[in-house]
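To keep things simple, chains are lettered A, B, C and D as they appear, and every chain counts its residues starting from 1.
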Amino acid sequence: MSDWQNSPPAEDWTIDELMIARLAACFADGDQACNGMASFVPVSAFWLARLTHAPDLVWLAGAVGLEPRPDRVPASTLEAPLWRDSIMYVEQYGDFWTIALNGRWLTKFCVGSAQLDRYGNGNNSIIGADYHAPRVRLPGTAGLGDMGSIGKALYYWNPNHNPRSLVEQVDFISCAGYLGGGTERADAGLEGGPELVITNLCVMDFHPETRHMQVASLHPGVTFEQVQEATGFELPTPEGQLSTTAIPTVEQVRLIREVIDPDDMRRREFGG
Amino acid sequence: MSAEKLTTLEDAAALVRDGDTVAIQNMATQAAPMALVRELIRQGRRELGVVCLVGGIPVDWLAAAGAINRLIGAAVSMEQFGLCQRYRKAVEAGAIRVEELSETALNARLGAGARNLPFLPTRGLIGTDLIDVNDNLVMLDDPFGGPSVVACKALVPDVALVHAHKADRFGNIGYEPTALWPDLGIMPKAATTVIVTVEEIVDSEVLRADPDRTVLPGFMVDAVVEAPFGAHPTSFYPRYGYDTAMHLEWIGSARDDEAVAGFMEKYVTGPADHAAYLEAVGGSERLAAVEAWEAS
Amino acid sequence: MSDWQNSPPAEDWTIDELMIARLAACFADGDQACNGMASFVPVSAFWLARLTHAPDLVWLAGAVGLEPRPDRVPASTLEAPLWRDSIMYVEQYGDFWTIALNGRWLTKFCVGSAQLDRYGNGNNSIIGADYHAPRVRLPGTAGLGDMGSIGKALYYWNPNHNPRSLVEQVDFISCAGYLGGGTERADAGLEGGPELVITNLCVMDFHPETRHMQVASLHPGVTFEQVQEATGFELPTPEGQLSTTAIPTVEQVRLIREVIDPDDMRRREFGG
Amino acid sequence: MSAEKLTTLEDAAALVRDGDTVAIQNMATQAAPMALVRELIRQGRRELGVVCLVGGIPVDWLAAAGAINRLIGAAVSMEQFGLCQRYRKAVEAGAIRVEELSETALNARLGAGARNLPFLPTRGLIGTDLIDVNDNLVMLDDPFGGPSVVACKALVPDVALVHAHKADRFGNIGYEPTALWPDLGIMPKAATTVIVTVEEIVDSEVLRADPDRTVLPGFMVDAVVEAPFGAHPTSFYPRYGYDTAMHLEWIGSARDDEAVAGFMEKYVTGPADHAAYLEAVGGSERLAAVEAWEAS
């Protein structure tokens, strides 16, 4: 265990490291976490949490390998090098989805979504007006179409905050957020829902009543106006001073760079 | 004793007919039955439907060959290598119709098909638009007064294509210790015909030494074919990793029609058989590189 | 492979051997067969079939072990000595019942039932008029409640043909046969159904229209009147001469006594 | 790292409360968590409900102790040793109420409970009287116009009792190559609390050497207890077979109230703990006999 508790803020942090540290703070001892494909930020965040404040965070790498010991973050978050040296392989059809559906385990889920709207609905299906004749065919909903509906707390991460990815209304809902806002999600019989959106500019959460996305903290050096400009819908004007997202510590930065991801795989998600 | 199932790649692929709905084992860059996919393309199969959990390069190659006109699945992506461009282009052009399901909904459709049930329910997808665009999904009240579910209509693929580590000549299929490829739990049980390629044909005694690692019984399998490196360029652990260079070569070609034609000729339609494919990709030197995945 | 095809009828056959040989004749190459608990007659029959006319009959011992090579019939047909040396272990929840429900495999199923009625309905649940206050609590339906409803051809075996086990109407249907006879089973949307009843006195089948049980063949030395007396309902009067059940051959008897069941476990089912 | 789950038999059994619905792994004479069952009886637990696929001697002992008042299961039988007489007598006396399900219906109830679904369907049981006497089963039309199904209401047992070969102190459960005991597929996933006894506590590294033979993740397990021969007198392969002599002694006693009391005192309530039980049954000599099952 590193001396993470007494470590001062880093001076040379980068945005990927800040996002990883912020996401790591969402996961605690006793939680279980799993990751899907191309999930360098979540994987690094789980790993960082396990090395610092949450040593008993259970990690199901690639939704397959329990408590793995990979050498470092590999080029794929959905291949065997990530779940090297696991204590159990969880089978997809019979085991993984039973565990995920149950409700007691894997209560938090990290979502990457091509489009995300003001009520936290995600879209990885199509861009365009006609589902069967799309302008752009996206990869598809995969597990998100499940995770959005089965009571999970959803943590969106978005390394490229821009008006194309944060939109007023998604072209197509393939991951259920708060639907049309207000009580619509609860009225549909759904529990859980979007919790946070962590981008390269800020952290956002959802108003407890309207369920509209709102800025919770600005990353160091970012203004509300910059966030608004990069967002495809109108953000509620903050009441009073917005807090600043915590800067990762020297030790967190060291762990990410030296232990977790020495090959900088996490940076692949940025600048797209 | 059991019935003989050992055959050739050509004869096995001939069990797939034009128009069939074909379930293909795959997960982004993992464990796809590529030798069979290449043989289907070589044999000029047309109007196939593909069922996949997460389809990668096999879907893109089938799309490039014009072999498929529909897809039922949860996603199509080569993960770090990006979207499948030929598939995407064909969908956007209206040449491939997509039935997009969440993973539990796909599992439910296949699970119902396997168990001869008209449907199975899921609580996934509720609230999404995916239910509205799909006649095979319908909201259903709980007869006990609990929450509503999404009824997912049974799906029985005509054929399932599987790649595995080993089999005996009677079609009993074994795996080597690794994470089980994710489609094995249901696809081969749901399909009417099951075709399996394996890294190695072994004596039945090899399977009897480890019966808890036999994953499909011979009676479920219609044809078994020896095809070492049969999943290349996808990974097949613990034997080999995915081939990064070949995926990069494909995505470098996939946006250009002429480059695609050249790639397909060089690697898929040109080589006469699986052995010729392995030579075309670089033979033992290239294969040794993917075998060295643990060191990478 | 033994020279079973040229073997003459045995002279010293016993009734258990005759029943085993008759049941074995129902199973052919390409079939799959599984057995449940206390199933010495079916297990011996599958094994005999595999050693003679049906070497490619697939046997799933105890619904668990594929193509086992036990030393001999053990004292339990639901424990590991029966599935010794299997080529695969089939898991109950995910695999066995998927295989059984599918419809293409395991199309024939052998049923032992405490009560069996004239329309082939079975009862292993209760004796008495009130299900919740039974006179006798039987073991329970186990897999029979499934096998009777999911399209299997059912082969009942009964080593103790008497009016208590073969009744006009079962006290409680826990294994669906032809229900009330005629088209009732088909009307309920059920395929398959009872095919044969092999007892220690005779073989019975079901009339193709009325679905009433009727004698198909008498075992050597048994008269129709004896069968009627041992049966709790009126059997249709046979039209013409009833055939005699085939006597097991010298080779079949040898295989049962020397190879399959040298410990005479099969005799435990008789005389109860 | 993970949370510590290792505890004593006494503390583990104390997680079960009077009135709980308890799923007990068992198949006639196989694989029952007998050390836990004996401890529940020693602790005087009352008004328990039992869930079992095929219950044998644990159900009979619990019935003899007056610990249960309901049972949900597919069958209760000790196979070659006959019916469970104390259970049978209690049912006939109205002291135990039985919800009798086919195997697929029990699997469906537990499967729905595990997956947070209100019900799952089966096509078993159609035409039987078992549907009419059970409010947890109801015929349901297929919303796609196919055949009707039996909807089986979700069942979430309060506790599941499991016996396994090995575990680490964090509750990750491993098995030794054998046919998996049949309840493992769903019972522990459906229950709110999971208690596992194991033949042996091992270092986590032992499990990491064979991760495909780890069958339950530690986060699913609430308590793990080392109890060698914890399934005795039922079998637990490949380590030991069922104890014929003890089953015979039990059925020799089971029809007589006084003999039952003597048996229970001698083997179940008399011995202070699991070690004392193993001595009471004959110690190492008797245990060596059940270990020699392969030679028998």
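In this text, a contact is a pair of C-beta atoms (placed from the backbone, for glycine too) under 8 Å apart; a residue touches a chain by one contact, two chains touch by 3 or more.
Quick caveat, the model's predicted, so the values are computed rather than measured.
Colleague: Work out which chains are contact partners of both subunit A and subunit C.
Modeller: Common contact partners of subunit A and subunit C, which must touch each of the two, are B, D.
Colleague: Count the touching C-beta pairs: is A-D or A-B ahead?
Modeller: Output for the comparison: A-B.
Colleague: Need the CA-centroid distance for the pair subunit B / subunit C, whole Å please.
Modeller: Once rounded, the distance between the two centres reads 40 Å.
Colleague: Centroid of subunit A to centroid of subunit B, CA atoms only: how many Å?
Modeller: That gives a centre separation of 29 Å.
Colleague: So which stretches of subunit C touch two or more other chains?
Modeller: Only 65, 86, 89, 93-94, 97, 101, 150 qualify.
Colleague: In subunit D, what residues contact two or more other chains?
Modeller: Where subunit D meets two or more other chains at a single residue, that happens at 111, 115-117, 122-123, 147, 178-180, 185, 211-212.
Colleague: Taking the complex as given, what residues does subunit C use to touch subunit D?
Modeller: 37-38, 64-65, 75-81, 83, 86, 89, 91-94, 97, 101, 124-125, 131-150, 172-176, 179, 185, 188-190, 268
Colleague: In their shared complex, at which residues does subunit B touch subunit C?
Modeller: Residues 1-3, 111, 114-117, 168, 172, 185, 189, 192, 204, 207-208, 211-212, 214-215, 217-220 of subunit B touch subunit C in their complex.
Colleague: Subunit D touches which residues of subunit B in the complex?
Modeller: Counting only subunit B, the residues touching subunit D are 115-123, 136, 138, 140, 142-144, 146-147, 149, 151, 153-154, 177-180, 210-213.
Colleague: Okay, in this complex, where on subunit A does subunit D touch?
Modeller: Against subunit D, subunit A makes touches at 29-30, 32, 50, 55-56, 58, 60, 65-67, 85-90, 94, 97-99, 101-105, 150-151.
Colleague: Per the contact definition, I'd like the list of subunit D residues that touch subunit C in the complex.
Modeller: Those in contact with subunit C are residues 27-30, 53-54, 73-77, 79-80, 83, 87-88, 91-92, 94, 97-98, 100-105, 107, 111, 122-130, 133, 147-148, 178-180, 182-186, 235, 237-238, 241-242, 244, 293-294, 296.
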